[in-house]
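Structure below; questions to follow.
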Amino acid sequence: MKCRLFAAALCALPVLPVATTAFAQNCELKIGAMGPMSGGAAQWGLAMNSAAELAAAEANQEGGVKMGGKTCKVTVVPYDSKYTADGAAAGSNALAAQDIHLIIGPVGSPEATGIKPVAARNEQVAWNAAYAKNALEPKFPLMFHIAPGPAAWADAVIKRAKQVFPMKSVALIAPNDQGGTDIASVDAEAYKANGITTTEEYYQRGTTNFAPIVTRILAARPDVVDTASSPPGDAGVIVKQLRLAGFTGAIGRLGGPGTDEIIRVSGGLDVLKDFYWFETIPTGDPKVQAIDDEYKKLLGKDPVGGTAVWADLPAARMTLKAVSIAGTDDAKAVAAALRTLPVEDPNIGKGYWGGKKQFGIAQELQFPFGIGIIKDGKNLGVERQEPKPE
Amino acid sequence: MAEFLQAAIIGISLGAQYALLALGFTLIFGILGVVNFSHGGFYMLGGYVAYSCVAGLGLPYPLAVIVAVLATAALGWVFELFLLERLVDDHLATLMLTLGLYLVISTGLLTIFGPLSMEFAFPVTGALHLGSIYVPRENLIVLVVCLAAIAALWLVLFRTDLGRGLRALANDRAVAMAQGLRPKLLFPLAFAIATGLAGLTGALVTPILSLSPGVGDPVLATSFLTVILGGLGSLEGAALAAFVVGIVEAFTSVYFGGSIGALVLFVLVLLLLAFRPTGLMGRTVRGA
Amino acid sequence: MRKQIRLLGWTELVALLLLATGFVVPMYTRSVLVYSVLNQIFVGVIAAESVWIMLRMNLLSFATPAFMAIGGYTVAIAGQHDITDAFAMTAAAFILPALVAIPLGALVLRLRGTYFVLVTFVLSQIMQLLLFETPGLTGGSNGIAGVPPVTLLGTEMGSNRLVLQFACGLAILATLITGLLTRWFRQHFAAIEENEILAESLGLVVWRYKAMGFVVAAGIAGLAGYSLVNMLLTAHPSSFDSSTAVDFIAYTIIGGRLSILGPVLGTGALVYATNLFGTHGQYAQGLYGVLILVVVLAARGGIVGTIAAVWRRVS
Amino acid sequence: MTELRVESLAKRFGGLRVFQDISFNLPEGGLLGVIGPNGAGKTTLINVISGRQSASGGRVILDGRDITNRPAHAVSRLGLARSFQQTNTFKNVSVSENIARAIRFGGRGAPVGLDRMLDAFGLTPRLGEISDKLPYGLQKMLGLVMAFATSPKILLLDEPAAGLERTERQNVDTFVHNARQAGASVLIVEHDMDLIRRLCPRILVLDAGVLLADGPPAVVLARPDVIAAYLGETEETA
C-alpha cells in the first residue's frame, strides 16, 4: 500500500510541469555541429560546437523550437571531422544516421570539399566556414556559408590600413594547403588592386619555427608582412620572430579570427606594435561581446573557441528560426525558409545574403565585420564596418 | 652574406632542439627496441607542465622547467613499468601502445587547457644585433641548455656504471642480462630519461614558439627524419644528424621557401639512404 | 614431405564471405550510417591488407597512403578526361602504384626493421608535398573535386547503393589478390618473417619476394585509393595524409596479424569505433587511444589471436 | 670436379682486421677442420665464404667460378650450404615444415639419404613437433639437417658440436659421414679437439686472423707455435 502511494506520488510529480512543457518531453530536434575538434585546428570545430550549443540553449529556454504543432527541445550532436575530406563525409553520414538534417559546420576547406556531395545525397543543410574558392556551388543548394572570403572584405581592410600604415610592398605568408593558398592568393589580388606589390610565401603546415622563413621574407624588404590565414598560433610565432629579426614595419592579417591569441603568443601589444587585421565580426562591440556572458549564464561554463563562436552563432540561430518558420527540419524546407529570412542577428546586427557574384549562389551570410588596428603598441580597437549589399 | 650567416645561426639553434628530441627517441629505440610514437606527447606535456607551474603556481621559470622534466620523466617511468614492460619484446604492440598514449595525452591536454595557444613567454627576450645579423637571447639560452643537456647525457652514458649498463643493454640484451644487468630496473629508467628529455625540450621551446595541443605532431616527423639520417640507435649519429637537419632546414627554407625546403630535406634523406643505407653513423641495424 | 599448397585457405574464404555480405546488406537497409560505415570499412580493409602483406615479411610499412594517392589520383585525373570505365580504372589504379613501387622498392627494401618503418613514413610525407607542389596535375592543395562516378558495363555507379556495392567488389578483389599471393608464397613469406638470414642461407632469394610483396602491396593500396576517391567523388591531399598510415596499421595489428581475417575484423571494429566516437567531439581521439591501449594490453595477438586462443581453450 | 678454393681472402671492419691472406682449397669429397682460439675469425670466415658478409680482399672460387661477394642465396644455389653456430631453425613451425622449406628454397630437390639421417637423429617420430619445442641438441641437429636438405656439394659447419652433451656429439660424426656419403665435401669449424682428431684428416689453424698451419692433425697439433697460440688456452669443450 505504501509502495503504491509512493508510486502514485511519483507519477503525479511530473504531471504539473508536463502540462506546460509536454511538447519538450515528446519531441526532440537534433542538430549537428561539425569541425575539427582535435589536432591543430581544434578550436575552429569546438567554436562551431559552442555556437550551436548556445543557439540550442536559447531556443530551449523559451521552451523549444516549434515544429508543426509541437515544440521541440533542441540538442546538439558534435562530430569531429578532423580537418579532412573523409572525416567530414563520414560525419555527414553519421549525423544522417541519427536523422539529423541540419549541420552547423564544417570548417576547413578539405572538410567543405568532402561534405558537399555527401550532404547533398543525404539531404542535409550544412554551414561551412571554409575560405575555399568553391565554398558554395550552385549545384549544391543546401550548402550555406558562414564567413565570407577575402573577396568580400579584403579591399575595405586594405584601404583602411593604407591610411594608417603607408605601404608600397607586402609579403604574404600562409600554409601551403588549401586553407592557406585559397585566401592568400585572393588577398594578394586585393593588395595589387590597391597599387601595392606583393610576394607570396607558403610554408608547410606543421612548421613550428619560422625563423628561416622570416629571414627569407625580410630579404625582400617588404613594407608590410601579412600573415593571411595562418593559424593564430603560427601567426603569433611569425610576429614574434619578425620583430626579433628587427622588422619594424606593420604586420597585417587578412585571414580569420584569433587576434587575441596572436597577441598572447607574440608576447603582447608591445611586440605586435603596428598591426591591422580583419575581424569576421565587429568584436569591439559590447553587444557582440555579451554573447560570452550569455553562454556562461545559459550553459554554466565558458564557450570554447574564442571569437569564432561569435561569428558562427548567427548561422545556428537563423537555422533554428528557419525550422520554426518551415515547421519541420526537412532540409529543403529549412533551406527555403532560410533564403527568405532577413540576415539579422540580435547581437551582431543587420547583414545581407551574398555570394552571388563569387559563387553564383547567394547563400553566404555577410554581416558587419571589423577592422582592427594596433598602432605604436596601442590597441585602437575594432572598427565596425557595415557590409555593402552586392 | 648576412643572410647566409643568419641561416647558419638559425640552423644551429634548430639543430640543438632537434638533437634533444632525437637523442631521447633513439635512446628508447636503442635500449628497448621501441619506436616511441608518444614522443611528441611528452614534448607537449613538458610545455604544459612548465606553463602550469609558471602561470598557476607562480614558480620561477627555471624551477618550472625542472618540474616539467621530472613530471615527464615520472610519467615515462610509470608508463614503461606498468604498460610497456608487459609487451616490450613485441615491437608492433609497443608501437600501438605508444600511439594510444599519444592520443590520450593530446586529448587530455585539449580537454584541460582548451584549443587556444597559451600565454607563455620566455622570461628573457630581445636579440643581440651584430650588424645586420641578429641572435635572439632566448635562443642563445635554449642553445646553451640544450648543449648542456646533451653533454650531461653523454657523461651519464659514457662515464657512469649506469650508462655502461644502458649501453650494454642496447648492444646485446641477452649478453647484458647474462652479466647480471636488470632490464626491469634499467628499461623504465631509460624510458624516463628519454621522456624527460622530450619534456625538457617542450618546456624550453614552447615559450619561444607557441604552446597549443597541436604542437606535438611535428615532433615525431622531425625525430623520425633525424634518426634515419643519423643511423638508428646511434647516439652520436642522432646528435650529428639533428644539426644537419636543422642547418639544411634553415638554408633550404631561406633560399627556396618553406614548402620546397621540406621537400629538399626529404629527398636528401632518400638520396643518402640510396648510397648509405645505415645512415650517417649507423652500424648494422637491429631487426625491430 | 612437401605439403600441398592450396589456392585459398579457410581464413581467406571466411574473409571473402564476410565482405560479400556487403553486397547483400543494401537490399535490407537504407540506413546511411550502415552504408557509410560499410563503405569506409571496404576502403580500410583494402588499405589494411596492403599493410598486412608487408607484415607477412616483418616489414611495417607507412607508405600505404602514398600508393593510395597514386591510385586515387590516377582515377580522378582520368575521370576529368571522361575515362570512367571500371575495368580500365581498376587496372590502372593497381598497375600505376605497382610500377612506381619498383624503383622505390629497390631503394627501401635494402632496409630492415625499424629503419624500413621510418623511411616509408618519409615516403608518404614526400607524396603529400608532391601533391601540393603539382597543382597543374593534381589540383595542388585543392585536390580534384567532382570526380565522375565509374561506369561498370555501361551502368553509372552513381547511387549510394551502387557505390557501396562497387566498393565491396573492390575489397573482394583486393582480398582475393592478397589471399592468393600470401597463400602461394606462404612458406617464403613466413620464412622471411621468422628468420631472414636462415632463409637466405638456404637459398631463398629474399629480395625477390620482398620486392614482389612490396609491388603487390602498392597495387592493393592503389585500389584502396581508388575506392576512397570513388566514395568521396573527390581526390584531396588530406585523404592521403601520412598520419592515415597509422590508422591502417592499427586496423591490422588490432585485428591480428596471424591471418587475413585480422585486417578485415580489425578494420571493421576500428572503423565502427571511429564513427561511434566521432559524435563525442573532442573526446573522439582520446577514446580511440584508450581503445587501442585496452585491446593491445588485453587481447594479445589482436582480435584474431584472441579468438584463436579462446577457441583452443574451448576445444 | 667440385672444388672450393680460397685465395688470399681478407676481411676488415673499418680499421679492425678480422683475418687476412687466408688461402686453402677443399677438394671434392674432402673434409677439412678449422680450429683456432676464440676471436680468431673462424665464424667470419664462414660468413664471408658463404656470402653473408662481404670480403675486403681475395677470392672465393667454386668449381672454377669466382663467387666472391655473391649474395648468400646465390652461393647457396650454387651448392654451398652452411650451418649456424647457434641453433637456427624456423622456430614456430614443425620439423617437417622446416625441412620442406630447406628443400624448396634450395631448389635442387631432396638429397639421397635425408630420411636415413632423420632416422639416425631420432627426428623421424618428431616430424610434427614445433621445432622450438625440441630439446636443444635436436634443434641443433635439425639445423644441420636443413643445411644438408638443400642438397649441397659443399657444407660449411660452424661449431656443430658446441652446446651438445658428450653423448650427443656422436651425432655430428654421423652427420658428417652421411653427408660425405651423399657426395658433399665438408669444412668444419670446431672447438672440440676429440671430434676434430676423430674426423678430420687435415686441419687449418687460424690465429688472430692469419693462417698459422695447414696439415694432418698429428703434425699440426705438435707444432710449438700452434701449441702456444691455441693449445695454451684452456680447451673449450662446453
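Order of writing sets the labels: A, B, C and D. Residues in every chain begin at 1.
The criterion applied here is as follows: contacts are C-beta pairs under 8 Å (C-beta built on N, C-alpha and C of every residue); 3 or more make two chains touch, one makes a residue touch a chain.
Quick caveat: nothing in here was measured; it's all calculated off a predicted structure.
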Review point. What chains, if any, are shared contacts of chain B and chain D?
Key: C
Point to revise | Relative to chain A, chain with the most remote C-alpha centre | key: D
Exercise for review: Go through C-D and B-C and name the pair with more C-beta contacts between its chains.
Suggested key: B-C
Point to revise | Distance from chain D to chain C - Cα centre to Cα centre, in angstrom | key: 44
Study note, to complete from the structure: Separation of the C-alpha centres, chain B versus chain C, in whole Å, is 31
Study note, to complete from the structure: Per the C-alpha centroid definition, the whole-Å distance linking chain A and chain B comes out as 35
**Study point:** Whole-Å separation of chain centres (CA-atom averages), chain A against chain D
**Key:** 74
Review point. If you look at chain A, which of its residues touch at least two other chains?
Key: 38-39, 42, 46, 176, 204
Check your understanding: Which residue numbers or ranges of chain B touch two or more of the other chains?
Key -> 106-107, 110, 217, 221, 259, 262
Check your understanding: Which residue numbers or ranges of chain D touch two or more of the other chains?
Key -> none
**Study point:** Pairs of chains in contact (touch as defined earlier), listed by label
**Key:** A-B, A-C, B-C, C-D
Practice item. Flag every residue of chain C that touches chain D in the complex, lowest number first. Key: 1-3, 187-188, 190-191, 194-195, 197-206
Point to revise | Residues of chain C that touch chain B when the two form their complex | key: 55, 58, 60, 107-108, 110-115, 117-119, 121-123, 125-126, 129-130, 132-133, 196, 242-243, 246, 249-250, 253-254, 257, 282-283, 285-293, 296-297, 300
Study note, to complete from the structure: Counting only contacts in the complex, chain A reaches chain C at residues 33, 37-39, 42, 45-46, 49, 77-81, 83-87, 89-91, 93-98, 109-110, 113-114, 116-118, 121-122, 132-134, 176-182, 204
Point to revise | chain C residues touching chain A - in the complex, by the definition given at the top | key: 31-37, 40, 129, 132, 140-143, 145-146, 160, 228, 231-234, 236-239, 241, 274-275, 277-282, 284-285
Exercise for review: Would you pull the chain A residues touching chain B in the complex into a rising list?
Suggested key: 38-43, 46, 176, 201-204, 206-209, 211-213, 215-216, 219, 232-234, 236-237, 244-246, 261, 264-265, 267-268, 304-306
